Amino acid sequence: MLEAQDLECIRGDRRLFHGVGFRLDAGELLFLQGRNGAGKTSLLRMLCGLSQPESGEIRWKGESIRRLSDDFRADLCYLGHLNAIKEELTPLENLLASARLAGESLSEDDALDALEQVGLLGREDLACRYLSQGQKRRVALARLVKERRPLWILDEPFVALDVNAVAWLAGIIGAHLQRGGLAVLTTHQPVDIPAGCVRQLRLGT
Amino acid sequence: MSKQQIHWFKYSAPSTFYPLAGRLIPWFWGLFAITALAGLWIGFFVAPTDFQQGEGYRIIFVHVGASWMSMFIYLVMAFWAGMGLAFNTRLSGMMAQALAPTGALFAFLSLWTGALWGKPMWGTWWVWDARLTSELILLFLYMGFIALTHAIDDTRRADKAGAILALVGVVNIPIIYFSVKWWNTLHQGASVSLTKAPSMAAIMLWGMLICAIAMWMYTIAVALMRVRSIILERERHTDWVRELLASR
Amino acid sequence: MLGIVTHTIARDLRLALRRPADLASVLFFFIIVASLFPLGIGPELELLRQLAPGVLWVGALLATMLSLPRLFADDHRDGTLEQLALSPNPLGLMVLGKVIAHWLVSGLPLALLAPVLGLQFDLAPDALWVLTLSILLGTPALSGIGAIGAGLTLGLRGGGVLLSLLVLPLYIPVLIFGAGAVDATVSGLGPGAHLSLLAALTVGGVAFAPWAAAVALKIALE
């Protein structure tokens, strides 16, 4: 499904990595590891198509993601280390607005259900500015509850979460893989995700 | 294997262009010297004194060429910028960046000589004439391009952002020129018409053409020199630049 | 296709209404600039009447520009812009939505405020009417062209000053035809030609600028 071949990344004068390649099939999870500055986020952004590799190619279902363009993005859900939520809007409004802008239909009931799962029910009408860091992160993660697009690319999804939330998120990702989805994620903490096949990729030496 | 090819394709352009430009530069300097001397000689000694404007008019030999060049260089710059965006070639962005300062210089020179010419002609340093005003705006556009490309640290982003700006500018230049002209005709009275130039002696036209060619040669020579230094700066971590510097 | 444009407009408008101080500061800037000119020039009504079209138009133009850096900066800072760029919808359409929303909270209120300020300059009723109309017609082009500049300078240090350096020369045609329309009314020529040209600039600007801005944003995100 998702294939990367011989990727090279140059930032400014430094070559962050080169010769990076992997192959990920339905139901598989890729753990991306490496110390700070090894280029994990850069690689994730490349996989999304936000930036272009210096050389090499990324293919989705056998076709280059540059060629697929809109079709590839329709299959992709990306969660960066920024939450992409608006401080002025309530969690419910944020969830609905981000679904609409991503071109998906999300009913208000589904959105409330997602917020209940992340433990924010009762705060759905409070502007996000009044939420804690962890709660804001949960608003961002609530997107994943109803997310059915096959490829998830998650940048440090477990940061700022408490133990319960980490377990919950691991379950959500596990369920996604069970449905035949793919996930690429970076993390600094050891997390046990129930997955049939877990691949590891270490950047840098 | 494919990796090798991609490297070859991407890096060969600057690395082969660098020595090529080095060989061409002396020729353009030589042509510049010849045409500049010829043009100035015609301008100062051959062309007759104008019966209306006296000796002061001789500044047009610099002024007209500089105005032509300032407009033409912007087009060439936008052309390279467009090539860079369309084909993602590295050299194109470098060419655009190498041309911008020279274009700005000519726009400034055109305004400066225009002011020097205007003082004895109309008794004022500046008239809000359509052409002078457009030239001023062109200088602003050059300044914007240079400021933008210098504000961005990442060279690839700088090239692409500059390219968009140059292309937007090219689309806008005719609109700006037309609107300024329209504005000028509605506010006549205050300004002096430049378009009513007296019929020009053929020798004067030749002088201007030769001066313009000299400016072309200068532009090419300087742009090539600047491109060479941009190449060295950007490719300083590649093997060929290291070898080049080591061999010196 | 149109759905995504209206969604973007709705979201941006809702955000703007939750932050009314931003809108108010743009309007106050316009009021203050317009009020400074008589103080700098002198109170002779004849002179002020002559200067009014230019002064009010330059004021509206600067006020529009003042609000441009925020057009994409907030979305860039909180990561929303990445999500927009990764949406399967064309980024150009979303930028179009943002440009329209920007106009609704800058150009439109400026146009409604302009006749009140025009009274300070003793403009005749028909000139006030044309002033409002010309600002209504011209400011969408300002928002559109401004979006290109905002995209190009996104995330750069000194981005605000740089933005004005890039955008102001491109604003000149709009300024000429906008102020010219009012001028023509004052001098009895009729504003028709100016207003049609202004409308043409706006149609062109709103149709093409969002796509150029979208390319600029993708470059800025790389």
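Letters A, B and C name the chains as they come in the text, with residue numbers starting at 1 for each one.
In this text, a residue touches a chain if its C-beta (ideal position, glycine included) is under 8 Å from a C-beta of that chain, and two chains touch if they have at least 3 such contacts.
These numbers were taken from a predicted model, which means no experiment stands behind them.
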item: Of B-C and A-B, pair with higher C-beta contact tally; value: B-C
item: Chain nearest the overall Cα centroid; value: C
item: Whole-Å gap between the CA centroids of subunit A and subunit C; value: 37
item: Rounded Å distance, subunit A centre to subunit B centre (Cα mean); value: 48
item: Cα-centroid distance, subunit B relative to subunit C, in whole angstrom; value: 32
item: Per-residue multi-chain contacts in subunit C, two or more chains; value: 222
item: Multi-partner residues of subunit B (at least 2 other chains); value: none
item: Multi-chain contact residues (two or more partners), subunit A; value: none
item: Parts of subunit C lying in touch with subunit A, wherever the complex brings them together; value: 4, 7-8, 11, 14-15, 18-19, 77-80, 82-90, 94, 221-222
item: Subunit A-touching residues of subunit B, taken from the complex the two chains share; value: 2-3, 6-7, 10, 153-154, 237
item: Complex contacts: residues of subunit A adjacent to subunit B; value: 6, 12-13, 19, 55-56
item: Contact set on subunit A toward subunit C in their complex; value: 48-52, 70-71, 73-74, 76, 78, 80-89, 93, 97-98, 100-103, 127
item: Contact set on subunit B toward subunit C in their complex; value: 137, 140-141, 143-144, 147-148, 151-152, 156-157, 160-161, 164-165, 167-169, 171-172, 175-176, 178-180, 182-183, 186
